[in-house]
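The same subunit A turns up in both complexes below, where it pairs with subunit B and then with subunit C.
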Partner chain A sequence: MSRWLFPLLALLLLLAFGFSLAFGSVSIPFEQVMRILLGGTPEKAAWADILFKFRLPKALTAVLVGAALSASGLQMQTLFRNPLADPYILGVSSGASLGVALVILGLGSGETALTFVSGFGTFGNFTLALAASLGAASVLGVVLLLARRVQNTLTLLVTGLMFGYLASAVVSLLIYFSQPERVQVFSLWTTGSFSGVTWPQMTVFAPAALLGLGIALAMVKPLNVLLLGDDYARSLGLNVRRARAWIIVSASLLAGVSTAFCGPIWFVGVAVPHVARSLLKTANHRVLLPASLLMGATFALLADLIAQLPGSQRVLPLNVVMSLFGVPVILSIILRQKQLRQL
Partner chain B sequence: MYRKIPFIFLTFALLLAACAPAAAPSPAPTTLPATATPAPTQAPTVAPTQPAPVIEAPTQNLTDGCIAEGQFDPGMDYFPQKAQIEYAAGLSIEYHNSYKVVTVKTPWPGANESMEYALVQCGAPKPEGFLEEQIIEVPAKTIITMSTTYLPALDELGLLDRLVGVDDITYVNNPTVLKMAEEGKLASIGYGSGVNVEKVLELAPSLVMTYGSGAPEYDAHPVLLQVGQKVVVNAEWMDTTPLGRAEWLKFIAVFFNKEAEAEAIFAQIEQDYQKLTTLTASVSQKPTVFTGSAYQGTWYMPGGQSFAAAFLRDAGAEYLWSDDTSTGSLPLSIEAVFEKAKDADYWLNVGFVGSLDDLKSMDARYADFAAFQKGNIWNNDAKTSPSGGNDYYESAVLHPERILADLVFIFHPDLLPDHQPVYYRQVK
Partner chain C sequence: MLTTASLSIGYHHPLASGLNLELRPAELVCLIGPNGAGKSTLLRTLAGMEKPLAGTVWLEGENLHRLPPLELAKRLAIVLTGRVESPLLSARELVSLGRHPYTDWLGRLTPRDEQTIQRAMQLTDTLRFASRPLAQLSDGERQKVMIARALAQEPKVLILDEPTAFLDLPRRVELLQLLRRLARETAAAILLSIHDLDLALRLSDRLWLLSSAGSMEIGLPEELALNGAVARVFQSEGAHFDHAIGAFRVHQPVHGPVSLEGNGYGVTNAWTWRALERLGYKVHNGNSRHPVRVEVLAESRWRLVTPSGQSEHHSLETLLQQLQAPHVEYRILNNDRHENLL
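For the complex of A and B:
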């Protein structure tokens, strides 16, 4: 199966990528798309811009985020031996939300906030990305610090969750005391989108995501060993704490950078690793991880394609589409498998 | 073997729960009491009795005080000065001898029922057929406002001395109101369902004026009604024409029997506005315009029949989405906006943006719009207070003629060569 699976997955990804370039709110005839891609001049000058400045960065973002969150989710599920674990389980997304909420809701009033905000271009994606990264990084820092001291992985999970709750509580408090208009801006951020990443931002986003993916790929072996349990892993000569720290760094970097630039994207991170496991019928991360990357990227591209409602001018919120269309598809894949493996 | 299924369902449940923190439900009552609970602040029906018995019918509304005790005559018209509603589609006022029925037709988007208030002249008996919570004694002695948009009306009607509280002073622009707050004469009671009920009860205003979203967990009025506070929902923001919105001035005036003043103020506004539309009616060149900016990949564009679209039409511009039939805003994809508006002449209301560089740093693609390259970007934030309150959402609600003058100046500078923009600023 796996011999055929990888070329097939790669082909699907390529197709999905092609689709997301070819279809969008604006209808561009297919031969015009081809002409633009081959370097020709289209009938309408705006079409070339739409393709290169809007659809291409959006598609690349979808690929990176889909891959990043799937890898991150897989790592977390293995590390915590918990099928419900997702990229955000250690509170990374809550930390990022807190950072963003502080900018949108917290700094809103008062003269200093206004100058801060107008100086950086309020609600400019870079400001928000920076705030989200800082928020995610501070939660990650605390978790890492604990990871070095805590022996038990479960304790780590619980502390991560606690920090998540703490950050969410502060966000709720900020919401409670904010003007409805600002709350609306914030809630828009939580709907998630791949469209906000422009080329200048890509120069920060892509390297960070690729770095996280690189670390993830390098941690394939320790992940396999960790499946056997911490004690057994230790007896095999694995430095569990160090491995754990690197896995957390990679998973949180991937989740943090995605959240920073696209808002919290739900669903992919939990669902894709399960689909990969049930299709490949293996727990070997050497296969599982690359497969998750490819499937996650494809899934993200397709979800975004639906969210763009090709042919109509309107768009749907990305997270809504992910769950609405993703749940039936992924459930049917997982339920069809006769042998559901236990982690 | 299907061991994971419950996990998966749980995951979705968790995801849903996690996605919803913005909706953090505060424990708000979902049902309203059918009849108001005993109102603790209902006593002074009869003000200090002034003798001077009224014999002949009044020629003016009583803007202060009540009908003297024992002087009530059911056959007498106590509101000789009446308000006429011409433009405000969501408002109607019906006069009876000693009370007026004010109807807010659509209090919030998608509302199934209208809201009716019976405004009873102080000193007259309560009319029948209304719930206690609908009956409001006029002229109101004190008021708390929960939107800055009501302040200019109170100011121009000479009623600021009756203002005892606002939702939040931070975003207020009106200098008199700011001064009152500085002198400690105004309380801040907070927003929506988080409104400080105890503070309101302590102030015991005759009236709290607020707006509604229809979701009881967000709105202030269900919370206030439950404690027996008189509260009215103002839906001026639901009206889709500039003059319609401004005419809600009369809605505020009727609670104070200030119909005559409101009529005079509005007549001037209407006249000035119409003068400007006559100016633009004959322009041959209509520049193309779009508004707003994208956020998380979605560009919220005002619908073709919206308030914003009406302004652009009256200002002699061609709004690119004027064909659209909705009154709300359209969630458009950024590429759809780019295709349609790339070559448009003007770009308005870009949001919280200081300079063209700010705009570009938000999204580099904004610089590809022709309006950006020509420097034809105007923002409606010229009159913003140091703490961030934008007067565009305050005094301009009552004065659409000032906004229209700004817009005419932007699109057709030759028509108003000497105009100095008030609310609009060119983004540079």
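For the complex of A and C:
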């Protein structure tokens, strides 16, 4: 089955990419897209603008975030032997939210807050990305410190969860004491979007995401061995502490950088690895990881496409689309498998 | 192959100290002892998973605890109790994980790796379900796959912690026989902890008896039974090890004496004896005539003789029912008191 599966997945990804370039509030015919991409002049000059300034970076972001979160979720699920684990399980996203909340809700006068009010401005803002990254990094730092001392992986999980709750609590506190306009802006941030990453930001975003993906790839062998549990992994010669640290770094980097530039994107990280497992019927990460990357990227592109509501001027919040459309699709794939327990 | 020098094991307090142990190639050693004696701790220390409190473990002349993990993994493999929670892995994929110490950073398998995996699965008779996922295998089959995985490491020493814990008797026997065969065929030294004393006595080349006090007796199974070591280690209030029959006798409150005549029906005699003992009677051989007597007349015929009369029975059950009928009971008690007074 896997012989034609990967070419098929790659093809689907390409198609999704093509669709997301062609469709949106304005439809650009495919061959025009091709012409523009290959350096020719299009029928309407505005199309080149739309393509290069908005759609191309947006599509690339979607691909990177979809792949990043799927890789992160897969690693977390294997490391913690928990099928419900997602990229944010160690509290990284809560840390990022805290950073952003501090900027939007906490600091600055009413004037500064109003400049954030335009929806686009929220996601295009580098300050926010920085704040989110710092928040995520702080939580990651604490978790890594603890990972050195803590033998039991489960304890580490619980600690990460606790930090997540703590950060969320502080965010809630900030929301409680803030003005409604600011809360609205923050709320907007939490719905997530791929549209906010500009080309300058991409120079930071893309390398960071690719670094995280690179580490994940190097962790394929340790991840496979960790399937047997810490004791067996150790007896097979794996340095469990070191492997755990690298896996956490990769997963948190991927989750953190995605959240920093696009807000918290739910669902992809949990669901895609399961779909990959269901379809490929394997636990081997040498196959699961690439499959998750391709599927995650495709899924993110499709979700974004739907969110753009092609042909209309309205846009749905990304996280809403992810769940509303994603859940039935994934349920149908998973429930069709005869043995649910195998997940 | 693997030796220890004045080894002391435990976590904060020593569970056992001054241990000088040896594992030789092609030998199957069973570690037995009461619960809490420290069997798991000993195994884990010998496998390098725990640090000794004192003393050293030597593996082929090198300090085991100073070996780099990958190097140790190429010489020593372990199999633990408990299930592996990875239902999607196929048997072959699991066995191939045993090649971890030998493969490259991506874990790709060379032809030599494939050969080793194949041989490991052949030796453990697991080839027939190689492509089936773990979830579809029975406990016994899964254990064999785990052993195959350990074999794929090409170990000189194989340590198993209660590998028969969840298995039924036939499967336990099969596993132990497999391990014995593996010791011979791969020349590995195999050490396992087991609770089934009978199997250990029958199938191991050497026994390590660890008592709750932390002392270790080592020797041939038969020697340890003969010199009373087994009896000593398993001494308890409820039972004792009878080395004459090589099994445990359970202590029962005794109702009274019964005399049993076998008349040459050895097997029926033996099991009638056991039934009477189970009900709490002190059974004497037919030579001593007691007021209450059971005679074995044929393979399935008994005669019960009591002061109040005789009866013939075609099943043990009716015999025992009659024996336990109220008036007979009373008589037996009376007899006992008479005997005591005398």
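A few notes on this one:
The working rule: the second predicted complex is superposed on the first by the 320 of 343 C-alpha atoms of A that agree within 3 Å, B and C clash if a C-alpha of one lies under 4 Å from a C-alpha of the other, contacts with A are read in each partner's own complex, and residues count from 1 in each chain.
In the analysis below, a contact is a pair of C-beta atoms (placed from the backbone, for glycine too) under 8 Å apart; a residue touches a chain by one contact, two chains touch by 3 or more.
On a predicted model such as this, the values are computed, not experimentally measured, just so you know.
Three-chain overlay on subunit A, with subunit B and subunit C fitting side by side and no clash.
Subunit A has more of its residues touched by B than by the other of subunit B and subunit C.
Using the contact criterion defined above for the overlaid structures, shared-chain residue A:236 touches subunit C, although it does not reach subunit B.
Touch criterion not met for A:205: it reaches neither subunit B nor subunit C. Of the two partner chains placed by the overlay, neither subunit B nor subunit C lies in contact with A:80.
Touch criterion not met for A:163: it reaches neither subunit B nor subunit C. Shared-chain residue A:323: touches subunit B; no touch with subunit C.
In the superposition on chain A, contact is made by A:224 with subunit C only, not with subunit B. One geometric descriptor of the composite model is the angle centred on subunit A: between the Cα centres of subunit B and subunit C it reads 130 degrees, in steps of 10.
By the document's definition of touching, of the two partners only subunit B reaches A:50; subunit C does not. Of the two partner chains, subunit C is the only one touched by A:284; subunit B is not. For the three-chain overlay built from the shared chain A, the minimum Cα spacing from subunit B to subunit C equals 10 Å. Touching of subunit A by both subunit B and subunit C, each in its own complex, is seen for residues 339, 342. Those residues of subunit A whose C-beta lies close enough to touch subunit B in the complex are 24-26, 44, 46-47, 49-50, 53-55, 58, 83-84, 86, 88, 97, 108-111, 113-114, 117-126, 168, 171-172, 175-180, 183, 185-196, 198-200, 263, 266-267, 270-271, 274, 308-309, 313-315, 317-319, 323, 327, 331, 334-335, 338-340, 342. For subunit B in complex with subunit A, the residues that touch the partner chain are 1-5, 7-8, 10-12, 14-15, 18-19, 21-22, 24, 26, 168, 170-171, 190-192, 194, 213, 218, 294-298, 330-336, 338-339, 342, 351-354, 357-359, 361-365, 368, 386-388. Of all residues in subunit A, only 81, 218, 220-221, 224-225, 227-229, 231-232, 234-239, 277, 281-284, 286, 339, 341-342 touch subunit C in the complex they form.
Put simply, subunit C touches subunit A in their complex at residues 47, 49, 69-74, 76-78, 80, 84-90, 93-94, 97-98, 100-101, 103, 105-107, 133, 135, 153.
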